[in-house]
Structure formats: C-alpha cells, structure tokens
Amino acid sequence: MKKLINNPNNVVDEMIEGYVKAYPQYVKQLSENKRSLVTAKETREGKVGVLIGGGSGHEPAFMGYVGDGMADGVAVGNIFASPPPDPILEVTRTIDKGAGVVYVYGNYAGDVMNFGMAADLADLEYGTKVGMVLVTDDVASAPKEEIEKRRGIAGEFFVTKAAGAAAEKGYDLEDVVRVAKKANDHTRTMGVGLTPCSLPQTGKPSFELEENEMEIGLGHHGEPGIEKGELQPADQVAERLVNDILADMPLEQGEKVAVLVNGLGSTTRMELYIMFRRVEQILTEKGIEIHRSYVGDYSTSLEMGGCSVTLIKLDDELTELVDQPADCPMYVQK
Amino acid sequence: MKKLINNPNNVVDEMIEGYVKAYPQYVKQLSENKRSLVTAKETREGKVGVLIGGGSGHEPAFMGYVGDGMADGVAVGNIFASPPPDPILEVTRTIDKGAGVVYVYGNYAGDVMNFGMAADLADLEYGTKVGMVLVTDDVASAPKEEIEKRRGIAGEFFVTKAAGAAAEKGYDLEDVVRVAKKANDHTRTMGVGLTPCSLPQTGKPSFELEENEMEIGLGHHGEPGIEKGELQPADQVAERLVNDILADMPLEQGEKVAVLVNGLGSTTRMELYIMFRRVEQILTEKGIEIHRSYVGDYSTSLEMGGCSVTLIKLDDELTELVDQPADCPMYVQK
Amino acid sequence: MKFTAADLKAFLKNVVQVIEENKDYLSELDRKLGDGDHGVTMSIGWQAIDEKLNGELREEQDCGRVCITAGRTFLSAVGSSVGPLYATGFLKGAKVFQGKSELTGEDLKDFWVAFIEGIKERGKAEVGDKTMVDTLQPALESLKSRYEQTGDFMVAFAEAVSAGEKGMESTKDLLSKRGRSSRLGERSLGNQDPGATSAFLILSTFLTTVNAVQAV
Amino acid sequence: MKFTAADLKAFLKNVVQVIEENKDYLSELDRKLGDGDHGVTMSIGWQAIDEKLNGELREEQDCGRVCITAGRTFLSAVGSSVGPLYATGFLKGAKVFQGKSELTGEDLKDFWVAFIEGIKERGKAEVGDKTMVDTLQPALESLKSRYEQTGDFMVAFAEAVSAGEKGMESTKDLLSKRGRSSRLGERSLGNQDPGATSAFLILSTFLTTVNAVQAV
C-alpha cells in the first residue's frame, strides 16, 4: 500500500509535528512528552478539564478535537495503540484547573489499563480528581447483555462533544461525567467495512474481502466484524445499519436524534451523503426527528473503506450540548 | 472498485438529496433544477452574489462551500463534467441581489463554455451583470508562458474564499472580481497522484501506476501528469512540489503565505500532516511566513490517492479576506 | 432524395444505439487523454435524447423542432465540454430545418455545414488541436467542395465521412492543445481523441441512415 | 547456579532479537484476531529497551533497576495492551531483584511468579479468555509446583516453558473473551493468540539464556 510517509517508525511523531506547526493558534505540544497536546488558549481556572486520547490512525480523532467546546488536551498513542500513562499524566497535570479532569476514551483493553494507571498516578502524585468515561457505542462488538464490553468507535465524537460543551458551560466534575456517560448511554454506532487499511510498518492489509464483499460490524482497527456478505446497494446497507441500531436502542415516534455518518478513510463524501440520504428517509418514516446531522470523516481507520452510522438520542440537556459551538483544528461548529 | 452507492446513474442526484437533507439550516435546492443549490439564509440586498460550480466528485468542492463568507450558490455538474447553463442560470437569478453575480470556476474547456453561455443568457434574459473569475492555479498544467491555459485545482478554495469574503464585506462587483483575480494570480498548486479513482459508471481506474510509482502534476480528474517516477519519501515529494511552485512564483524572504495541503480522497490526514511538516520547514528555512494553514480534504478527486500543495501569497487585503470567518456545511472558520 | 422527420428521428435513434455500443470504448480513449468520462457523458446525453424521442418528439414533424429539442436536451443532461459543442451544432443546424418536415439533399448539406460551423465557433479549436474539429473540419471541406462539384448530397457526404475518418485517425499523431488533455504534451501522442471519435461516429451513423433511407 | 546482572541483560538482548525475528509473525497472528499490530508494538517496545541496554543500563549492576528501567521503557514506548501488562510484570519482578547483582535460582523463581501474578492482576484475564494468561498461568503453576518438589529452578522452569507452550497452543481452540478480538465470537476459533505467543517467546528465551549461562 503506497503512503506519503518517511520512515514508517516516525509517522506518529512527524504527524504531530506537522499538526502543531499547522495550528499554532489552536494547539501546543507539552515539554516532557511530545505525544501530549493541549489547547493553545488559556483555559479558565475552575473549569473541568476534558482529556481525550487513544491510538493514532483515527484522525481527526482524537487530536483534531482539542479546542473550545471540546477537549482541553489529548494523549496520542502509536497507531491503533493506547498511549502509555506518561503523556496522559502530563496532559492531566496541565489541564487541571482545580476542578478535576475527565478522561473520555474508548473501551479497549489497552486504553482501560493505560488511562486507569494514569488516573491512579494523577491522584497519587498531584491529588487530581479524575472522572472516567468509557465509550461503548459499537453495537456490533458485544450483545446487549454484555453492553459494558462494547468498544468505542465513531460515537466518541458525541461523548466528547457532550463532555466538552458541559465543561465549557461550567458543569462540575461529577456533572460532566454524568452527561458524558448519558451521552454514551444514548449513543449507538454500526459500521460496515469495504476495503482494508494497512499499518505503515507492516504494509499488510488489515483484513481481506473479495471484490464484491462487505463486512458488517467491522472494528475500527480492522478487527473482523460480525457478518461478511455480498456488497449491497447503499440503501440496503443503510437500512441494515439503522435497523441494527434501532433494535438495540428503540426510538419512539417524536423522539429526537443527532446523526453522524462517518467515513472510515477512503470512502468519498459522495457515498456518505448517499448513505445519509437513506438514513434520513428511514428515520423520517418512523417519525424520528433529526435535530442535527454530521456527515464526513470524524473518526477514521487510516485509509479503510466503509462507513458507520451513529445515532444519539437527544433529551433537552444533550440537545443543548450538541448545539453548543466548538472550535477545533479539525472540527468547527458555529 | 467497491462503492457504497445505488444505481451509478443516480449518484449525483442522490448525493445532493442527502446533502440538502443533512443541512437544511445551510442550503436549499431550487425548484426548477435540483442541481442548483443556494444558501438557506437570506442574503442581503445589494450584496454581490458569488456563484461556484463545476463537475461533482470533488467534494467538499464545490457544493460544500456554500454559506456565510463563501459562495451564495452552486451549480453541480455530473461527475467530472461542468454543469450545463440551466442550473447556473437559475442560481444566478436567485442570488442576484441587484449588485451582480461573480462566477468562480476552474479553467476547463467545458466550464468555460457552459459558464460562458450562462453568463450570456443571464445578461440577455435578466440583465444580470456577471463577473467571471477563472481559476488557473495548477502549475503542472501548462508552462508559465501559457499561464492562461492552466487548469484550476485545489487553489480554487482560496479564490472562492477571497471572493466570498469580499462580497460579504460589501465590495462591489468590480472589486470582488478584482480581488478574486488577484487571489488567483497569487495562488499556485502542485499535486501528486499515487492511486487512481474510478467513475461509478465505468468502475475502471482512471489511470495506472505501479505499486512503487507516483505521478507528479497529475490532473484533478486523473488526467496524466508531467512526470511518472518512483514513489519518494514524503519529505522529498514535499520538496519537489514546493520547489516547483516557488520556481513559478518566487517568494522573497519576509513574504507571507497561506498554505493548503489538500488530500485527493483516500490519502490519510496522517500523511497530509507529514507532508505539511516538510512544507513548513522549507518555507521557514526560506524566511517565508506562514500566516494560516489548511490541511485536509478541500478538493478531492473521488477516492484518488495523493495530495496537492497550494500556496497563496498574501498582501494585506488578501490576508484580511483569508482571515474572515466562514460558515459552510463542509468548512467553518471562526 | 427525400428525408423525412421520421428519418431524422431514426438517425437520432441510431446514434443512441451506436453511442451505447461505443460507450466503454469512448471512455477508454478519454482515460488515456482526459478524465475518462467521454463515453459516460455521451451516453447520458443521448439517453436523454432517446427519452424525448420516445416522448414529446414522438409526433413531431418539424425537423427544426426535433433538432432544437435534441440540442437543448443534450446540453441540459450533460454540460461538460461536449454539451455546449454538440448542442450548438444541433441548434445551428435547426435553423436550416426550421418548419420543414421533409428535407432535400441541399437542406442536409446546409444542416451539416451549420452544425460543424457552430461547433467550431463555440469551441474555438482549430485543426491540429486534437479535438473533434480534426474530424469535423475535413468532413466540412469535403462536403462543401464535393457538393459544389456534384450537387449530390449522398456522394458528397460519403466522402465527407471518409475525410472525417482520416481526420479522426490523424489525432493519434497530434499533441493535445485543447480540452483536458492539453497538459499532456508528448504523452498525448499515439492516442486517438475521444471527441474526434464520437464526432466520426455521429457522421458515419448519419451516412448509414441516409443510405438505408435511399435503399428503400 | 549464578545469574548475574550481565546475564539478565543478555536475556533482554536475546528477547530483542527474538521479537525482531518474530515481528511479522506476531502481527500476522494479530491481523487474524485483532488490529494487526502486536509484532509492531512488541518491536517498538523491545527496541526501546535495547536502546537503554546500550545506553544507561550498560554499567548497571542492580538487577532490580534493570527490570524497572525495562518495564518503564517498554510502557512509555508502546502503551497499547501489552505495555501495561509486560511493564507490570517487570515492575513486580523488579521488587524481587532489588539491590541484587547476582541472582539465585530462588530469586529467578520468585521473579517469574511475581512477573506473572503482576500481569494477571493488571489484565484481570482468566485462563480460557484467549490471552497471554493462557500461556502464563500454566507456566506459573508448573514453575511453582515443580520448584517446590525439586528445589531446582532449571528443571522447574524448563517444565514451565513446556506448560506455557501447551497453553499457548490451546488458545487456537478458544473463543476470544478479552482484548480486541473478543467481538469475534466463533470466528476467533482456529487462530492462536498473539499475546499468548509473545509471552511464550519471552519465557522460552529466558530458558535458552539460563541454559547458556549454565553451560559456561
């Protein structure tokens, strides 16, 4: 797989270097750990800090979401690998403005351990109160009975948005954790993979699919999904994804959602809008109101082909948080 | 090539349908022609209208750039094909607020003829004054002696930005045309292609490159470029692109630019930031100041792999216009 | 010779079919030189004309109106480079046919002269630029001079088609100067221009159509 | 038996090499079950340890410090799942070695017990979950019981490695319950767990290292 890179071992550091140089008005690198980035703007004393992070290769997630109304800092890991505790800890110390820090991250074994260790150390070494919010939106990753085992994928965007907006509005630690957890509980994602990505170091495709196949429920790192099958027309794929979500999180007529149709990397916007078109039709047929829509690459898997559909059920509080402006390098909302 | 679509003949209309449903707060479809989109907000009487358009398949260009501070309307063509005069004309009529309309479009035979016919008809049928701004930023597409033959590629983003910001600020028709032409004169782009795209109707790759090859100067529609060669490390590719630009548009120490590193479709943000990293180093070494940077997919070629580098030389007027906020479905700047 | 509105529509129907048959070939030529869509574009445009032929043109007897509808329909359906070019051809040609439901050899000659002149005017390309004009211009010259000499449209048009074919083939050895492929320089050598090819297909389809009418 | 700080560092060096040799294999196993990076991750981590071995650990004689540095270095370099797991192993093991520049068989036994217990505690995985614990737990049990019976580390550790190997192989027939592959369900059957494999490589490399020391 051809890539515009230099030494494969340096891709993450070089990416971060470029990123920081591109947006000096938005982000800065911390001194001890170049994988630790925080907002370039002074954050308010007494504001709850929001910390995100995870493996790289998902850009804009996670580093693209540092800025007003979203996260105050991010710890960047190797490709598809949780960051270790050090950079998490350094970010934590920097963004703690006396009101504690909330960690929002995906429910993966590595992230759970590394963020967990960082939280323990933050408490031990600086007495920082840390709130933990695990994202578990991927319906395909475990049955409903084991919902706490589910992984976090594109829906993390909404959870981060809720946490970031709440912190911005002056919620305290407990309340930021509460709404972020509510956002997670109200969020479901189903994805479909068409073509693999490859790690720069191995150059090998992350999985194999025939020229006419798709994989439903494919993981965000190329982990095999729940069902391989013949590639269907976009309308049918959209129906499958939405129906799986609604089976898991039933929505009544009159309920309100925000929708995210997320590209995994190499899928065109054209295809994403064609997918969105059918998602909108299905929801409208069921009398579910779409309050706001997001279509584009919000959380990718390198150059993987495919997309995911995320629904977040909105109550008044979440509606207000979703609507709040944000200003980050890779995502701006007025 | 696998795509999430329905009938290949309907991709453009279905994309537009999805797009309009996703952003009712931003855009609306006109009644006579579903390929005609205008901003959903009421535009000011006496404001110069800015109209963009061209073939589809370049999303976010062009339809993603309708909104405050950018274009008032867009005419969408078939994939890689200029829109015919009808939708251009309908948009023109709708966005003319008495101060005339400026067309910003790429210098392609088809666009020149279709936009030209539309301008003639607008004058004839409604007496609308139309200003024409042809974008010609692609250095690779013709030698400097035939600069007027050059094609428009990613640099159209800056020309649209200049025109849109100027119109927003209340410039008159002549002045919007003047600054947009200045923006074009100050803008240069060089691209590199790694992997082809395919039209939904043919499914055939737009060109062929070996697994270790890249093509410098590749056109935005897969037109062959000026040089095929072995794939180089990102740093060398960046040097080649920037050097070709600077050979064509020399920049003195102390001069100021905005930079756009644009992905062609399937190239990851990671790669784009690695490219940007070297672009920034080269410019900084030469004492050229980067006033603002844009990195991402701003003008794609379906799922083509590769990227382009655009520099716009900024004087005070262009700096002000580049800095002005914008609020469009696929591009927001605070 | 007598060429009726029905024959004109039969010609258009034949083009629809010829374009469908050559769709992939035309796109393939365009992939070498341009953006690979020429067959797709021609197909979209001619399918739109086909719809009109099966619909509102079904009873139309005015050859001028048939051509106006064909031109406008083609343009609205495709835009692109060939939209304005072929549409202008049909619209200019329509003036010759205006109000007529039966066409003489002289009408047909005048139609094609207007058609080609219209395209040249619209696109401003010249012979040697590696465009459809390389097919159309020699066809035009041959048509005019042979018609002048013989007064026989059939003879003149048959020769025009041969001249157009040679012109089309000549594009293989030309450097691109117009359209998307002009950036190619040397690398455009050896490849036949897609528009020159579709223009030849249209001319030769007209020849087969008139021949068939003649033979009846 | 006498195992010095130099021997300990030789062991770590050997692991560096074994991991490099098995990098692609480990990634290949992870591609089947997870995200395909296990070999990449292990290589990054062990290369970082290698740098320390060639640098600040060059003169270090405290076996405890060697293990602390190895653990912290590995963790900082990789994060991931295996970062906290193997790092915890080394950090817990370091306590056993603290202040010692020569290690007895008893020390080595205690080290591996602490190492494995640490990993189990950190990851909370159980035997049968299809993780490295499937290699480590049987190794632990075998090591403890055979050492109790024989008092001979060499004998006990050799058997521990065999038990670990069987455990590793057993992961082929297990359904995933932990880590990235747990979503796979039935489809995880037939594939050996990458972490179970790297854990076995580490154990068996220790065995070869002690054997070599012994042989001198």
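Labels A, B, C and D are assigned to the chains in the order they are written; within every chain, residues are numbered from 1.
One rule holds in what follows: contacts are C-beta pairs under 8 Å (C-beta built on N, C-alpha and C of every residue); 3 or more make two chains touch, one makes a residue touch a chain.
Which chain is which protein? Per UniProt: A, B = Dihydroxyacetone kinase subunit DhaK; C, D = Dihydroxyacetone kinase subunit DhaL.
Note that this is a predicted model, so its numbers are computed, not measured.
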| item | value |
| --- | --- |
| Of all other chains, the one whose Cα centre sits farthest from chain A | C |
| Whole-Å gap between the CA centroids of chain B and chain C | 32 |
| Distance from chain C to chain A - Cα centre to Cα centre, in angstrom | 54 |
| Centroid spacing, where centroids are CA-atom means, of chain A and chain B in whole angstrom | 29 |
| Sequence positions of chain C contacting 2 or more other chains | none |
| Chain-to-chain touches, reported pairwise for every pair that qualifies | A-B, A-D, B-C |
| Residue numbers on chain A that touch chain D, as the complex places them | 9, 55, 77-86, 108-110, 113-114, 117, 138, 140-142, 149, 151, 199, 201-202, 204, 206-207, 217, 219, 221-226 |
| Chain B-facing residues of chain A, complex | 2-7, 11-12, 14-19, 21-23, 56-57, 59-60, 64, 192, 194-195, 211-212, 214, 231, 233-235, 237, 259, 265-277, 280, 293, 295-297, 300, 302-303, 305-307, 327, 330, 332-334 |
| Interfacial residue positions of chain C with respect to chain B in the complex | 24, 27-28, 31-37, 39-41, 43-44, 75-85, 122-123, 178-185, 187 |
